[in-house]
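The structure's right below; bear with me while I get my questions together.
All chains are identified by letter, namely A, B, C and D, in their written order; residue positions are counted from 1 within each chain.
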Amino acid sequence: MSLLEVNKLNIGFQGGDGLMNVVTDLSFDIEEGKAVALVGESGCGKSVTALSIMRLLICPPAHMEAESILFEGKDIQQIPERHMWKLRGNDISMIFQEPMTSLNPVTTIGKQLTETIRQHTGCSKKEALAKAEDMLREVGIPEPKQRLREYPHQMSGGMRQRVMIAMALSCDPKLLIADEPTTALDVTIQDQILELIADACRRRKMALLLITHNMGIVAEAADEVMVMYAGQIVEKASVQEIFDTPMHPYTNGMLRAIPGTAHTGEEFYVIRGRVPSPLFFSKACRFAPRCDHACERCHKEAPQLQDIGGGHYIRCWNPIKGGNANE
Amino acid sequence: MKKLLALLLALIMVLSMVACGAKKEPAADDQAADAPAADAPAADTPAVPNEEDVALEFEAVAEVDDKFGGQLILQTWMDPININFYADYGSVGCSNYWTCGPQLVVYKGGELYPLLLESWELDETGLVWTMKIRENAGWSDGTPITVDDIIFSMEYFRQDTFTDFIFQADTMYFSETPVYEKVDDHTYTVTTTVPYPTIFDFYAVNCFIIPKHVFENVPAEEFHTTTVNSTPGEIVCGGPFKITEYKIGEYIKCERNEYFWDEVYLDELYWRIAPDGNSMFTALQTGELDFTFLMGSKYQEAVDAGMQIARTNGANYSGISMNTQDPILSDVNIRKAFSHIYDQQLFIDQAFGGQGEINKGFVANMRFEDPDACVYYEHDVEKAKALIEESGWTLNADGIYEKDGQLLEVTYIYEAGYDDFNAMILQSMFEGTGVKFNIEGQEYSVWLDNVDAGNYQMSSNYSSLGPDPANYYDNYLNTSLFSFYRSETLDQAWIDGMTGATDEDRQAAYSAVQHELTDAAVWLVQPRNWGYYAANQTCGLDEAQFTSTGMFVYFHKLYKIAE
Amino acid sequence: MNSGLKFVIKRLLVMIPLLFAVTLASYLLMTITPGDPMAMYVGQDQLRQMTPTQKEQRREALGLNRPIIVRYFDWLDDILHGTFGTSFKTGQPIEKEIGQRIGITMSLNIITLFLTYLVGIPLGIYCAKHKNGIVDNAVMLYSYVGISLPAFWLSIMAITLFAVKLKWLPGLGLSDLTLKNPTFWQEVWDTIKHLIMPVGLTVITGLGSMARAERNLYLDVINQDYVRTARAKGLPERKVKWGHAYRNVMLPLASEIGGSLAGLIGGSYIIETIFAIPGLGAYSTNAILDRDYPVIMATLLMSSVLVMVGYLVSDILYCVVDPRIRVQ
Amino acid sequence: MYLFKKKHAEIPLKRINSAVDPMQDDEDLYFSAKVEGYWTTIFKRFCRHWYGIAGLIVLAALIFCAIAAPVLTPYEYDKIDFSAAPMGQPQPPSREHLFGTDRLGRDYFTRCLYGGRISLLIGFSAVAIQLLIGIPLGCIAGYYRGIADQLICRFIDFFSCVPSTFLILLVNALLKPSMFNVILVLGVFGWTGYTRFVRSYFLSLREQEFVQAAKAAGLKERTIVFKHILPHTLTPLILSVSMGIGGAILSESGLSYLGLGMQEPIPSWGAMIAGAQEYTNSAPWLSVFPGLMITLTVLSLCFIGEAFRQAIDPRAN
């Protein structure tokens, strides 16, 4: 029984001229201790999906409804807002993209850490401080005792992301949602943070939902990959299969676009056109206008996500058979 | 919990306001007094009040059995300069003195009313006055008022450190220093070598009797700034009331002085400080004031609101002085022509809203006013033109008189922000008469310097003059009030007026003065503006009456009509 | 905290030359302009009667004949000895007069400020919650109506309506004299009744813009990432709001409080003159109209000091609330 | 924000990815983007707010009335006519006198119009002076660091630490009250706000890439400042300018109310209200009309400012 199961999730935004449907009929599930990557261009609705699971979307502009979101079998949509805090941070916790603004600038790191710990475990201030110190040491921050008294602006971006991770892990959650944790950091720090997250998940047997647009990170950290485009999952498979045999033209195009030494001298491959705004999603396959392999049917009928063998799901009438990424 | 805290804080704020604000001792009085002024429907067209229906005094109210007790709230313009009113030379200081200070005698129009001074007579030589003061008069701290106080005050204010006009003592009124001798505790004599008729004018206006036992060892220099006798509770007062409390900017509270020589009806008398006319009238309507000066424009509203109204002829006297040293205005014909152009009735209607009377001379209707002696210039533009042409002025193309190249152009200066409307009314009178009449508003002190230095052609001029024309003499000598006009006959007439042994001689001299000044058309004589006083129905004023300066003759005769 | 101390001392030191410059400029300004204060001081009739010699003596007594610079340094010397000198008009020591009036003005303005904040902040937050609702738009329009209503006109209208026509509220001063030996609570009620109109008018005009500023502030803060992190950490809504959101809303409020410190003195001079409240505002305005130089200089000095202290206080408050600034 | 010269040109985006052969795409739906001029978009968004338009109309009407005053009313503002005010009593509004008459019989409607002229003139010219002083100083302080900046900052401190309302009162009481003095005083005491605003904007913009690029391209500093940085600061300045004009009008009427602004017979709304205080019971209209005119003028200016602010950055709301 999977840890998290999302069925027919729909998210829309109250735009000036009506409800803009950003995510349509999204369903996926995450096993216990598995690392799943959610990949897609910015604007395809991946971080919105993550936020909707934790119900952090501010509802007046946003509008969310799903058939069911089961976490350990229980539908978390039924939990009233008053009790949601028991779930957040304790069972599911989240790391955000922008470390510079994700920490409260006017309160000390210590206070922000102990706040979470005492909220969920209800232990005394002293114990919470000790626990916070351990967490900081675990995420690799030097002299944690001194750091507790400091303010966020006295730390670098990477350091702050580590604090975020410590905060997220402080109550041993079962699922960690990382919304592009490394995008805002420079490359050298990225690997350390990724490694940190991967170790933590493995050691604590914690499920990980990694949201990113960088295929490199996916290869390193994820077991299973879901490629999203224009609010739909277009391809879902294990990491190995995605990189070896990208069946969906969009995934294929993405992998080809990664500049590698193998293609020196050639012109970069670019998927033409841009992600359309949600108002202009076509009824049929949403990638059709930009797809090189689009056949007549693609423009008429909307494909469904089907399993074409071995757990490899595709939403395409004309998938690329056996196509190799760097063919 | 947070809301409760916020509300508590708000309450503390308000309490702190009250604590630092009001420190009231409980006044021993039972009658609850509230004075709703009945709201009569406003009449549509403002009725012009004729002579009879506006009483000169407040009529007697229906018979009131018990006049004792209660409180009245009167109005004053601003804070006193010094709560020790003996040392306060401002207008508010004077009103405090008239309520709380020992007043010897008071003028009402031309008539003398004895107060502390019980009786007086002049011996046959006409040089020695024997004055008798009341036996039962006492200061508010119990010590009786004796002749020693009076003689001490006279000597005290003769010291030369007192340069202010108010404290000039009798030296200003008379060329020679009269000799005061004490006969016994309650009688004294005043002897002079020359008849001294203006002694009562001095007693009524500028004479301040100060308690000897308080100010005995206060040197003259520190008199104004001394802190002796300055705490409201202990100020030694000789009048019907004594000051018991003073709250800055709000009110001065006076209570009955038990040792006064007459019985005082009121328990308490408040002087409420109301800075401007409008808020004053509002306070009268809402019952926060009982008695106040009435602005001309509010007369009709007061009548409609059914208030008690009485008229006073006012001591202030205003005229437009024409600078006789100016080339154009040195010609008496021009001045006479301007007097003919000046339309007193129009000014009464438009500036005073119809409440005023045409005036012939320059002496307010005091003891020696003689309208027949004055030359009156009725409003007649044709006669004015004839006079102008008689002096050789000819009309030029655009209708302005001209004489050897110079236009008949005159500039009238006035105090900006205070006289604007009157100046514009004046200007409208000169339209179409061939005189180019400009008006120029100047800032107060700039205007004053110009007037005193004499660099003006025409200027508004007002001055408050005492009941006895003797004190005009000083103006005549050294200020511009009389348009720098001097002549020997006039100088001599003034002296005769002041030193005349009998009233008849003085009247004859002053008539001559009035005739010459009006004949020389020194002023554009302005109509006399009636001042009005309005009081709520609860104000018992009939016995009080008031002096020409608008204050009461008998403060102790004010009483409260309970509802 | 020594860096904080250094910062405060530096600011205080900068204040001295500024104060010196301000007072010198005003003093020069006053003395070179035409007209002479004697007229104001002695009053219309007395001055008419005074002989030129007496005028000269009086001028000498007031010290008006000495050159400007000497007079300025005399005045400065008085200040250093802690006395403001004596007022031309009343001859009383100025600090005594200011002492009598400052209580009333400060209380009036503190209550107004307090009420504006007390009503403004919740209203602002309510508008922020129901963005673009009826209340929100109404408050927005109302904030501009509040700014554009001229205070003196509004007060005249209010007095005519409430005090004269309807007789609900007293239109003048601070206390009703017709009360017969009132108990303490009666007195409090009487003062409140007298305060309703002046305070009410200022609060009403100032309320709209306060709520509007508060709304924009709240909207900025509530959409911040760290508020979302706090919620993601599992803190209940109440803790998120009071622990994190309101803390950052306090930031600009701190500087605003400092800024309004200056308004405590001169702010309400029109209200005070119309409602005949003996406050410092009316006192300084009359001093200007009457050209009472020492009083003008005293009130000017005081309001300048208050303005500077106001800015200093708001900076300090800013440091206390926001650690990022503290380091600089 | 594009500042293309050609307005409403339809620039298909095809040309951007010329690397790939131009695709034959019939549905032009996704890529056509009409590029409007910057100001037309602003104006379009401005019209979406009703109060912006209302403010504009009211202000235009007031300005028209002020300018066309001689045409609108047969009377002059200082023509005294005693028949119109018997016994010095102001008459209620009637057919000949729309707003009635004041105590000298002068037509009150004319005085309100001419008063409008004075107030609007003072409002606009005072703010003009403030801008003339404030903006250049702000630019210099913002762009050229070093002594200029320090000097100007100390100057701003000097002006801002002085209570401006107090000083305006003081200077007006001392100078001979006239329109020119009022404008001069309001102008000289109000500019610090704009300088501070422009300076802070300059400081933030200076580090931006486009300024470095302009400098790298060898542009003279003066052109950088006035052609590139200044336009950016002007648009957000509009709101404070409109509020500033409103503020100047209010302080002028406050001054006239105390008798320090315009002197008789020049009509000014503040002085008319002061004069009308005496007749609040018998002639209430004397104070209602000028008060209304002041409120309407300042209100319309505020609305225009607010609508404009929202038109500039809709996100802000």
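Operating definition for what follows: a contact is a pair of C-beta atoms (placed from the backbone, for glycine too) under 8 Å apart; a residue touches a chain by one contact, two chains touch by 3 or more.
Because the structure is predicted, anything quoted here is derived from the model rather than measured.
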Centroid-based (C-alpha) most distant chain relative to chain B: A
Result of counting contacting C-beta pairs for B-C and B-D, higher pair: B-C
Chain centre separation (chain A, chain D; CA means) in Å: 50
Between chain B and chain D, centroid-to-centroid distance (C-alpha), Å: 50
Chain A and chain B, separation of their C-alpha mean positions in angstrom: 91
Inter-centroid spacing, chain C versus chain B (mean Cα positions, whole Å): 38
Contacts with two or more other chains, residues of chain C listed in rising order: 34, 159-160, 164, 291
Chain B: positions in contact with at least two other chains: 443
Chain A: positions in contact with at least two other chains: none
Chain A contact footprint on chain C (complex, rising order): 131, 224-226, 228-237, 239, 243-244, 247-248, 251, 321-324, 327
Chain C residues within the chain B interface of the complex: 34-40, 43-52, 54, 57-58, 89-92, 97, 100-101, 103-104, 107-108, 110-111, 114-115, 118, 159-160, 163-164, 167, 170-178, 180-182, 184, 187-188, 191-192, 195, 273-279, 282, 291
Contact set on chain D toward chain B in their complex: 78, 80, 82, 85-89, 103-104, 176-177, 259, 263-265, 277-282
Footprint of chain D on chain C - complex, ascending: 14-15, 18, 21-22, 26, 29-30, 33-34, 132, 140-141, 144-145, 147-154, 156-157, 159-160, 164, 216, 262, 265-267, 269-270, 284-285, 288-289, 291, 296, 299-300, 303-304, 307-308, 311
Sites on chain B touched by chain D in the complex: 42, 46, 48, 276-278, 295-298, 300-301, 346, 349-354, 416-417, 420-421, 424-425, 427-428, 441, 443
